[in-house]
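What follows is a set of structures for review.
The same chain A turns up in both complexes below, where it pairs with chain B and then with chain C.
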Partner chain A sequence: MSPVRVRISRDKVRSDFVRLVNEISGQNVLNCYQCGRCSAGCPLTFAMDILPSQVIRLVQLGLEEEALGTNTPWVCASCMTCFARCPRGVDLAKVMEALRAIKLRPGDADRIRLNQFPREALARLPQQGLVSGLRKFTG
Partner chain B sequence: MKRIGVFVCWCGSNIASTVDVGRVVEEAGKLPGVVHAEDYKYLCSDPGQNIVQKAIEDYSLDAVVISACTPSLHEPTFRKAVEMKGMNPYQCEIANIREQCSWVHEDKEAATEKAIKIIRSIVEKVRRNESLEPITAPLTKRALVIGAGISGIQAALDIANSGYEVLLVEKQPSIGGHMAQLSETFPTLDCSQCILTPKMVEVSRHPKIRLLTYSEVLEISGFLGNFNVKILKKPRYVDETLCNSCGECSEVCPVVVPNEFERGLSSRHAIYVPFPQAVPSVYTLDAEACLGLFPLACEKCSKVCETNAINYDMEPEIIEETVGAVVVATGYDLYPIDEIKEYGNGKIPDVIDGLHFERLLSASGPTEGVVRRPSDHKIPKEVVFVQCAGSRDTERGKPYCSKICCMYTAKHAMLYKHKVPDGQAYIFYIDVRAGGKGYEEFYQRGIEEDGTVYLRGKVSRIFQDGDKVIVWGSDTLTGKKIEIAADMVVLAAPIVPCEGSDDLARRLKIQTDANGFLSEVHPKLRPVESITAGFFLAGAGQAPKDIPEAVAQASGAASKVVALFANDVVEHDPMIVGVTEDMCSGCGVCVGVCPFGARELDTERKKVKVLEVLCEGCGACSAACPTGAAQQRNLNDEQLTSMVGATLAEALEGSDS
Partner chain C sequence: MEIAYFPGCTLRTKAIGFDNSVRDTAKVFGYDLVEVPDWTCCGATFNLSVDNVMALAPPIRILANARKLGNEVITVCSGCYNVLKRANYTVRNDSEKLAKITDFIEMEYDGDVEVIHYLEFLRDRVGYETIKTNIKRNLEGLKVVPYYGCQLLRPYDEIQLDDPEAPTILDEVLDAMGCTVVDFPHKAECCGNFLSVCTDLTPEGRQAVGEEAATAVSECSFTILDAAARAGADLVALSCPLCLYNLDVAQDQIEKIHFGFRKMPIVYFSQLLAIALGLDTDKYALDSEHHFVDPSAVVRSVAKE
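Up next, the complex of A and B:
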């Protein structure tokens, strides 16, 4: 919850950020009518700052800083439960992927360097975590 | 003694689960005069009615008691059924053992006892019932339609096209109502005037429709089938038959006042036509705005009028007519936005209501369809729309949902975007109610194709800051407080009943609800009939509704009128209160208490006379009459006493009285 009043304007709702998310994900985030079915079925919300549907909402309003400032896209495991159920055909996993890409592309973000991983840590890491980690952090 | 049959209905488990039907039948069979008692699972079904009809023949019954649901549901069914067997329908009575017994009790034994008592009392009543015939009265096959917006127009056309005369009364100088002010209509975006004006022309040319514009209904007396109507035709100071609407009078008129049709966004002269396609196409001189008629101050208009149509001495005219039915289509107004303090009290020039915005979008509007804000005529680039601006507010505004705002606001945002492609529309909403054919799709199109941004939350405050209008709201979906620096704000203020409709309803003696909307008899099954017989309802005067609904209701009201006119006489329920002349002392108490004007005192004979067709059988006179001369048919004092006696038989036995 934000006590500060957020100013929205046509510069924001039609900013490059919204265009970029749509372009990278191949989705139209405006199609989402905020029913919340994605959030209701998401198996990982326990670890998220805000719900997946709220991330979409922030993108719809062009609130870039807020949308990129949450951990939700990073917790998303791309299990696609949300997309399988979305009544508006929005592939949230792709939107989350787009948000991760936007965050990583400037180049100053953390990256996984496999050769720097301790061997025992690699042995403990579940395979799926490793795969999704690679996808997320090699952007 | 009358041979009476008692029939007890199970109503599936509705009655049978709480009332021991078998015992009720057994007890009913023992009642004096009852020669037959029987039960059936659904008496109202065809086989159920057949049982009753067969018993009438088999047992030569003179009267029948149906123990079932409320008489307001199936009394007509059973009265018709017994009539088919030659019994007078008023020898059939309903004992309500469902709504007044099984539905409201849980204790089966007590409920069974109560059902027996109810039946006992109705048997006592029917024993003394007279056979009655309906009262008939002549029927005037001419209709009055009040209000000539789209609903009134549709109702008038439907009735007239069925071959009956229609008197169409409109208080404004032109017909058309609010629909004439609209730009394009959802969800198909037809031009409102383009689809309305052909109907307006049809009204003006229809041989069966007599159109009275700039007129108001003053008073209606009489009853269903025979109403006497008094109409005031206000002087327009222009002879309708001579005016050729050349407009020269208006050009020379020195007076400039706000134009009501444009919601004050532009001006008009004192002599004017409201809009180019007005029907009738006749100028009207607004006497209040004119520099002076008594004495004449200017006379410029009459000097330039080539046809000498202007007549400063025109007097108000009272027109009296007889009609058989009335359609009330008085329409709506918008709740005034200056009542909403937190939205600027109507004092911020660029905060307007939905009808203002319609005029800004309209190709024939004051800006010729270019969206310009009122203050500086700039094209607004950020426009905020506020839904439920005064509706769904039990504390300060109107408690009800104004119903059409969700759709017209979606349309406003869409049309704005079409006209200002680099502009942005925002809509603050609580819920979006898009129930209607093609409505949901239309609303989604606005979001997907035209980028309308919906924000879920009611706006808390709107205020001016420089040349911007600041809107404070919230987006409850993200939990963020939102601020928008808008160029213009459009408030979707609730629909309220048309100004003066309360007053008219009082003069017509028809009912209105808590919000001033006209009341229908039944919200589902009789939605176009007023509670007062002979009055039918159409359009937004009954409840907020959009054009398709208003037109459908108008056609519904018209078909009710036409169905009435298909009869040669009107039939009236004979359950009235008469006068036993020998007992009437001529005190006249009953005359004063009668709400229908059905009783008159003959001062010479000192007796009261009853106008039978006006009596609705309410019984007020009967209660007031000190001598017992005013007796309700089939519910007279003797019947009432015997019914009470039958109900309380056990208690009376135990007492000494």
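Up next, the complex of A and C:
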């Protein structure tokens, strides 16, 4: 993971972005004190650009572009291990969902499309997987 | 005794062996599972955006329909259980959301249906002693790892079935049916959940979501199956059709990447219960048509009369 250079400002910290994430997720991201237990226990960090706790830090600082630019929210499987272990009671799975929602809600930003599935894959996938996958990756 | 039952979308099709074995084993204990009238898909995954009220409509509609049969409903798919239980929890604690949904679905509901997982039902209503006295086939020596996954356990505040990280309920049920239960450290570790949709995309689709997301499930599944093999297990028992799909189908890919990987069949706990209770094993889809790793050899080894 390469170091990231960012510019912090009062405007960004107090931006609508932080408010929007808090509103959609029902969480207060400022409750996180960056202990890193979520990242230590996350079973999917091997596939993530940056760690879940780092995403929270970016959101805390109002760094919208940086937070939305990583693949981390798209690799999060909502298993809620992080939430089970968070000493501050921050539901990270909800924060990740909020970041996905911010990207998907304006429309025309679907990450997957039904016609991208080969016929045999559609026949094989359990409905439960197909429906939940489409709900997570499309607006 | 009749009791309301919500099978969910996957159980009537891909996981038919799960559905049939739950209905038939309940019957052995004297319970008739009656399908909730006019049921639909629950939404498959609980929507985590707190401002999305619409996603609560399907599960609440299912619960309002279940209310016509009584004040409890049994479900067995971990996904359905998670969605129904969390939706119920949400409306019980938010009267404004409840009013919005009941207005929209034009049905009455006040949160008074209890959502019960079949494992919970076996533990609290049937009881382990009753299971033990009904055993017809000896499963001793069948080394099974109990796999819980995520949806059955978390978040604890809303689910409250068992410890969110060190659960024992499935261990106990498997033990009561006579299996040799093998403890292992990845009981509650995620299999990758819905990320398997990324795996199954066309190459262009995979590129669009990123190779990391597309290969995540097989890596997660390898971690779990490797731990199960090291613990000495013959097979994995679980309660979620998506977990089964992920752990089962991923083995094709895992075998190509991880040298020396030994394939392991994945089954639903209720399929093993049906075998233990002496039911006709041909009825529960324990075959290569419904499982990528064929469990029939393991089943035959224990299903002798």
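Here is the rule we go by: the second predicted complex is superposed on the first by the 118 of 139 C-alpha atoms of A that agree within 3 Å, B and C clash if a C-alpha of one lies under 4 Å from a C-alpha of the other, contacts with A are read in each partner's own complex, and residues count from 1 in each chain.
Throughout what follows, a residue touches a chain if its C-beta (ideal position, glycine included) is under 8 Å from a C-beta of that chain, and two chains touch if they have at least 3 such contacts.
This is a predicted model, so every value here is computed, not measured.
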Inset, instruction - Examine A:V6 and indicate which partner it touches, taking first as chain B and second as chain C; both and neither are also allowed. - result: first
Inset, instruction - Quick one: classify A:L58 as touching chain B (first), chain C (second), both or neither. - result: first
Inset, instruction - Applying the touch criterion given at the start, work out whether A:Y33 contacts chain B, chain C, both or neither, answering first, second, both or neither. - result: first
Inset, instruction - Name the contact category of A:A77: first (chain B only), second (chain C only), both, or neither. - result: second
Inset, instruction - Report the partner of chain A that touches more of its residues: chain B or chain C. - result: C
Inset, instruction - Could you tell me if A:R14 is touching chain B, chain C, both of them or neither one (first, second, both, neither)? - result: first
Legend entry - Partner chain in contact with A:L104 - chain B first, chain C second, else both or neither: neither
Inset, instruction - Report for A:L68: first if it touches chain B alone, second if chain C alone, otherwise both or neither. - result: neither
Inset, instruction - Flag every residue of chain B that touches chain A in the complex, lowest number first. - result: 381-382, 422-424, 426, 444, 447-448, 451, 453, 455-456, 472, 475, 477-485
Legend entry - Touching residues (chain side chain A, partner chain C) in the complex: 23-26, 43-44, 46-48, 71, 74-75, 77-81, 83-85, 91, 93-94, 96-98, 101, 111-113, 116-118, 121, 124-137
Inset, instruction - In the complex, go through chain A and note every residue touching chain B. - result: 1-10, 13-14, 28, 30-31, 33-34, 50, 53-54, 57-58, 60-61, 63, 66
Legend entry - chain A contact footprint on chain C (complex, rising order): 8-10, 13-15, 41, 43-45, 47-51, 55, 77, 79, 149-150, 154-156, 164-165, 188-190, 192-198, 200-202, 204-205, 208-210, 212-213, 215-216, 219-220, 223, 240-242, 244-246, 249
